[in-house]
Amino acid sequence: MDDILNQYLTTRQYTNTLCKPLQTEDFTPQSAAFASPPKWHIAHTTWFFEEMILKTYSPNYQIFDNEYSYLFNSYYNTIGKRIERHNRGLITRPNIDIVFKYRDYVDQHMTQLLKTTENETVKSLTVLGVNHEQQHQELLLTDLKYTFSLNPICPKYTDLNFVEDTNTDTGWLDVTEGVYNIGHDTDGFCFDNELGMYKTYIHPFSINKALVTNQEFIEFIEADGYKTANYWLDEGWHWINSNKITQPLYWIKIKNTWHHYTLSGLKPVNPDAILSHISYFEAAAFAFYKGMRLPTEFEWEVASKHLNWGKRWEWTNSAYLPYPNFEIAKGAVGEYNGKFMSNQMVLRGASVATSKNHSRHTYRNFFQSHTQWQFAGIRLAK
Amino acid sequence: MDDILNQYLTTRQYTNTLCKPLQTEDFTPQSAAFASPPKWHIAHTTWFFEEMILKTYSPNYQIFDNEYSYLFNSYYNTIGKRIERHNRGLITRPNIDIVFKYRDYVDQHMTQLLKTTENETVKSLTVLGVNHEQQHQELLLTDLKYTFSLNPICPKYTDLNFVEDTNTDTGWLDVTEGVYNIGHDTDGFCFDNELGMYKTYIHPFSINKALVTNQEFIEFIEADGYKTANYWLDEGWHWINSNKITQPLYWIKIKNTWHHYTLSGLKPVNPDAILSHISYFEAAAFAFYKGMRLPTEFEWEVASKHLNWGKRWEWTNSAYLPYPNFEIAKGAVGEYNGKFMSNQMVLRGASVATSKNHSRHTYRNFFQSHTQWQFAGIRLAK
Amino acid sequence: MDDILNQYLTTRQYTNTLCKPLQTEDFTPQSAAFASPPKWHIAHTTWFFEEMILKTYSPNYQIFDNEYSYLFNSYYNTIGKRIERHNRGLITRPNIDIVFKYRDYVDQHMTQLLKTTENETVKSLTVLGVNHEQQHQELLLTDLKYTFSLNPICPKYTDLNFVEDTNTDTGWLDVTEGVYNIGHDTDGFCFDNELGMYKTYIHPFSINKALVTNQEFIEFIEADGYKTANYWLDEGWHWINSNKITQPLYWIKIKNTWHHYTLSGLKPVNPDAILSHISYFEAAAFAFYKGMRLPTEFEWEVASKHLNWGKRWEWTNSAYLPYPNFEIAKGAVGEYNGKFMSNQMVLRGASVATSKNHSRHTYRNFFQSHTQWQFAGIRLAK
Amino acid sequence: MDDILNQYLTTRQYTNTLCKPLQTEDFTPQSAAFASPPKWHIAHTTWFFEEMILKTYSPNYQIFDNEYSYLFNSYYNTIGKRIERHNRGLITRPNIDIVFKYRDYVDQHMTQLLKTTENETVKSLTVLGVNHEQQHQELLLTDLKYTFSLNPICPKYTDLNFVEDTNTDTGWLDVTEGVYNIGHDTDGFCFDNELGMYKTYIHPFSINKALVTNQEFIEFIEADGYKTANYWLDEGWHWINSNKITQPLYWIKIKNTWHHYTLSGLKPVNPDAILSHISYFEAAAFAFYKGMRLPTEFEWEVASKHLNWGKRWEWTNSAYLPYPNFEIAKGAVGEYNGKFMSNQMVLRGASVATSKNHSRHTYRNFFQSHTQWQFAGIRLAK
């Protein structure tokens, strides 16, 4: 179990590291239904270990605080009433000091348990909890960025701005026709939605080795991309018009130069850097404007071993739906992924905000088509 | 061209037949953004022939009324400003007599043109217009049903109530694994979204020869199906709760017996008849409750030659997305299908309200997941 | 009773006269929650006589159709369930021919009753019903104007456009300080909200003998009146910005000239004519811009005998609230006025659309502050 | 100037006292558009002194931080862009330590200025600022209560729960008919909306010496008060039904006993204590149910010298409108009150949360009819 304990402690420590630059006030606010407060992320991930593991598998475990099950539960409907999602930012008490004590308390008990048990369920649930916390680490960053961006004084989180990466590869990769295997194929961890490896028939296609840059997207804007109905899906066209979207999230034009809010404050947009913070609607419109298309998630997976990926989540043209052999797990953990297979698009790859050791070429991320607040970009196919 | 002319005249006549039971007042109201008035349907289908064919291919053609392009255009953004979709029910003028004169006028010119031209584009656009009008014939019925259902006196359209059909086949059909061809494969007409025949790998599956009956769905209701979160997609759960959905559209319980509004008035629900007017969310929840699933559209197409289909549109578990070789046509006609490939689910088959000669096993119908007002039902797979 | 019968028949006939220019389709649509269909107005006013008088006071009276109580009731909550107000436009059946038969049927029975009874309650309820129908005659015109205005072809109702009147008087009327009587003071009919004559102390003020003209309001627009926050009540400022209001209702600028939709079609705005179709918010902003104010309803009533009024409803700076001795009548008729004494402003006078013999200097009309669709204008005070 | 300085320092200190029980996290969240964060209140009141006084009248004054004008401005549109009201809870930076430094900084400069100047404008603006801060002291408490109430663990602010007061007087006070003076009539401070003393004619009325108790309101609830349409204004009826209001704000029934959230946590409702946290709609419905009415603000003012008031803000039946001689002040300070004279009702008196020395019998408080979060109650008249 040493390896699992090590994974556990490393991941838990990394969450603390991410919180270092935060001031006490930063832990509380929720800036949108989708953007949870830092305190919620760090308590919810802790609650997961308490609820799923310690309560059942740690003898004589005393729950830290009974009310936390209600306060820091998320969408696990089977475990009881939960606070309205959009009210998470009002939970000023327990304060952050107590929540960190809660983390310590759970860490101590988890450490003790992992050192002594050989129970395979504990092991697999711990790995699930570690991966769950890694997901929330990325959300902590993207949610914080969204919240900070709404403060007119543009607060700085760190010196690292997360959006300066450039492409290392260029040109097109051609993939030949045939039957390919799709889905998770190793002994390592994966989420339930990657399971049930199966075959799919892929027609010949080409995929770009580079992601779309800021400069390319500026050209789209300047070509009236946001004003040309024909480039857009009908829903996308309504979305940009209803919400007055005329550029990627966080972008603002100051004295004729594009700037954007970054985690190190307001900065000029670097034309050579890889585009970020665009929705599926914007990705699809850009592809149409270029006379190309987005890859399917299956094409992406097949091509991935030849691609340099991991800087941006890459919107695919695949809806988030079950694989042929998908099975929903029993009980609360089973609610994990299947219930969201509705009106979401798959993103493949990983981003600069994704935690280390949390990337796989079979990983299926998913968001609604209008979602912009992730570090998401565009890879073209044809 | 005789065959085309015959198709044209038969289809145009059938629209008139559908309007026979209507009173003048029935032609105007719009009961929801999605449910257009009869007058709009009969004018819009006429406008299609005038705009796409007569204006260009009929020498010296005089437009019947310049304002109709604005009044009776639909989503063809490239052709100019259009009236707000939700305001169609306010167009009391031109009145219905004039709109029928408009139909006659266009029919005369189309007849003359089809008798004299050998132009292949005219031919193919006419066939497209015929199929377009057949789509609107079905919508005319479903929209009228929705409007009438909101009148407390439950008006009767015809003696035929459209929802009494029962299953003729039962049991499971097993389909073997392999690579299958998908998409339109004959010389006959099809829409652009069926084109580009391609290969797909199908894993072994079973599909039911019967559609779900009212009795089976009543059992779901009585088993607290609408109150059990675990059966539902997360979006579906929110949808039924926000909209207080507790039964299929048009159903109402009177003195402990389920009744439903039908096109022949308020009737008791026949337990043996095939279920209708349910959304994708309800179809998916029912399948989950039965421990099964919905077929994909590809599975459906492969199995279809062995199924007795055509009574209900059948929700599939496939999102409406382009086939690998999908190409968007140029110009206004090109707006036809591709722009709606976003957050909609595919339905396969046809319904009792579908016009004759408008069915194909490769036909891809599509609606949003919460849509209930079509004659749509459930076929289970496993 | 001859006088009452005469009033009854004259009023009923005038409703029919107003309907003469309508085509069958015009009777059905509802263009906003506040703008009821013509059919509803003519059925609802008929239902009032049936429900309030014939059912109780006409021996052996047979109700024309039981369902009409539900279909054509308005806000009389005590009389049972009613159709949702915004769905009135979906009632295609009963059709207009039957509704006119309903009117004839009720007219015959009312005529017979009025010829034979000496019952004072019948008399007073008939007078109430006549005044109620006169109110709906004005609404029929204003609602029809609103509906027609949303049809891009700008249908014409009559040759009379209703908005060409000019001022006959000018200058200021000075009123001296003192205690004045307010409220209804004759034997004639009035609504409950005018009753309970009482005293009020009026401070010295001046009121203009003329109403504001289109030209004066155009000057306000050109002085950036709609863009200057300081002129507006806070709610008014939010209202014009949320709804993008930049001119009076029905106005549109065509080639640098203001036009407006009128009941005789689209016309240029006559600068000398009296302004119409503005909200209280716009009236208050205009007064502020002029460095003046609107009169209170009490000032208006005191000054009215010296004013030439009746062309436009005149917004006052008084909220619609009960007089000191206001009493709510018992039963359904009692719901008439008191329950609306909340967040509405009083208008005094009458308009070009008000029926003859329906005006009094004590009449209290009332609408919400953002209401624009009435023939309402501005009289300044200081 | 010593008296002014003393008022200033006492008031500023009292704000700090109110903040003592708060933890750092409590200062940030905003739980509704109407309920601002504590940090915003304490910064905004500080900004008022800096913006209105120090910038103009303190020689060589250095602004503490230029961005605060944007961050902590409220509705003073003339002073420049401001942050969206509903986003105040996202301002985590500047943190609370810096905001208290800002307070200290301004206090030092204000102290110095008040010690040295004889400028009458400085004096009057300081008194205005003191009264402004006192208003925000009450809001700080009511807003905090609203925010805390949405935390399922019901945090405690202090041992004092603010809602235990009982009536000391009972019976009816009769007031005789006549002309009375209304409005501010001393040399002391008042807001602009109280100015311009004028005469009004009051008809004879009786007003209760006691406020309505919790027990009396429980009787209303148990008499189906919230389910009886006739008791309610039409808007009120829609409001309770749309928002599912079935009891006063903060009330919850636990095991058949009414409890309510108070600033000292969840407590049983004391039947003898004075009712609080009801809207005008609820006050008006209760009065109707009792066969009585609410007093007008003029009746209240005339009767006030014989009443024991100050425990609850008392809803009157008067709309918030200008007095006959009301004048809007010039510039930013002039935006103070007049622009809100639209769709609000007047409350008279004061509450347990009102700061000392902030009460006057001519004081006109005002809120929208549905507002519940103030310590507002009911005094009946007839």
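By written order: A, B, C and D. Residues from 1 in each chain.
Everything below uses one rule, namely that a contact is a pair of C-beta atoms (placed from the backbone, for glycine too) under 8 Å apart; a residue touches a chain by one contact, two chains touch by 3 or more.
Quantities reported herein were computed from a predicted structural model and do not represent experimental measurements.
A.B. asks: Would you mind checking the shortest number of contact hops between subunit A and subunit C?
C.D. replies: Shortest path length, in steps: 2.
A.B. asks: If you average the CA atoms of subunit B and of subunit D, how far apart do the two points sit, in angstrom?
C.D. replies: The separation of the two C-alpha centroids amounts to 57 Å.
A.B. asks: Where the centres are mean C-alpha positions, what is the separation of subunit A from subunit B, in Å?
C.D. replies: 37
A.B. asks: State, to the nearest whole Å, the distance from the C-alpha centre of subunit A to the C-alpha centre of subunit D.
C.D. replies: 44
A.B. asks: Hey, what residues on subunit C touch two or more of the other chains?
C.D. replies: Within subunit C, no residue touches at least two other chains.
A.B. asks: Check the chains against each other and report every pair that touches.
C.D. replies: Pairs satisfying the touch definition: A-B, A-D, B-C, C-D.
A.B. asks: Inside the complex, what are the residues of subunit B that reach subunit C?
C.D. replies: 23-29, 31, 67, 70-71, 83, 87, 89-96, 147-148, 150-153, 155
A.B. asks: Hey, which residues of subunit C end up touching subunit D in the complex?
C.D. replies: 75, 77-78, 179, 198-201, 203, 205, 229-230, 232-237, 281, 293, 317-319, 321-322, 324-325, 335, 339-343, 369
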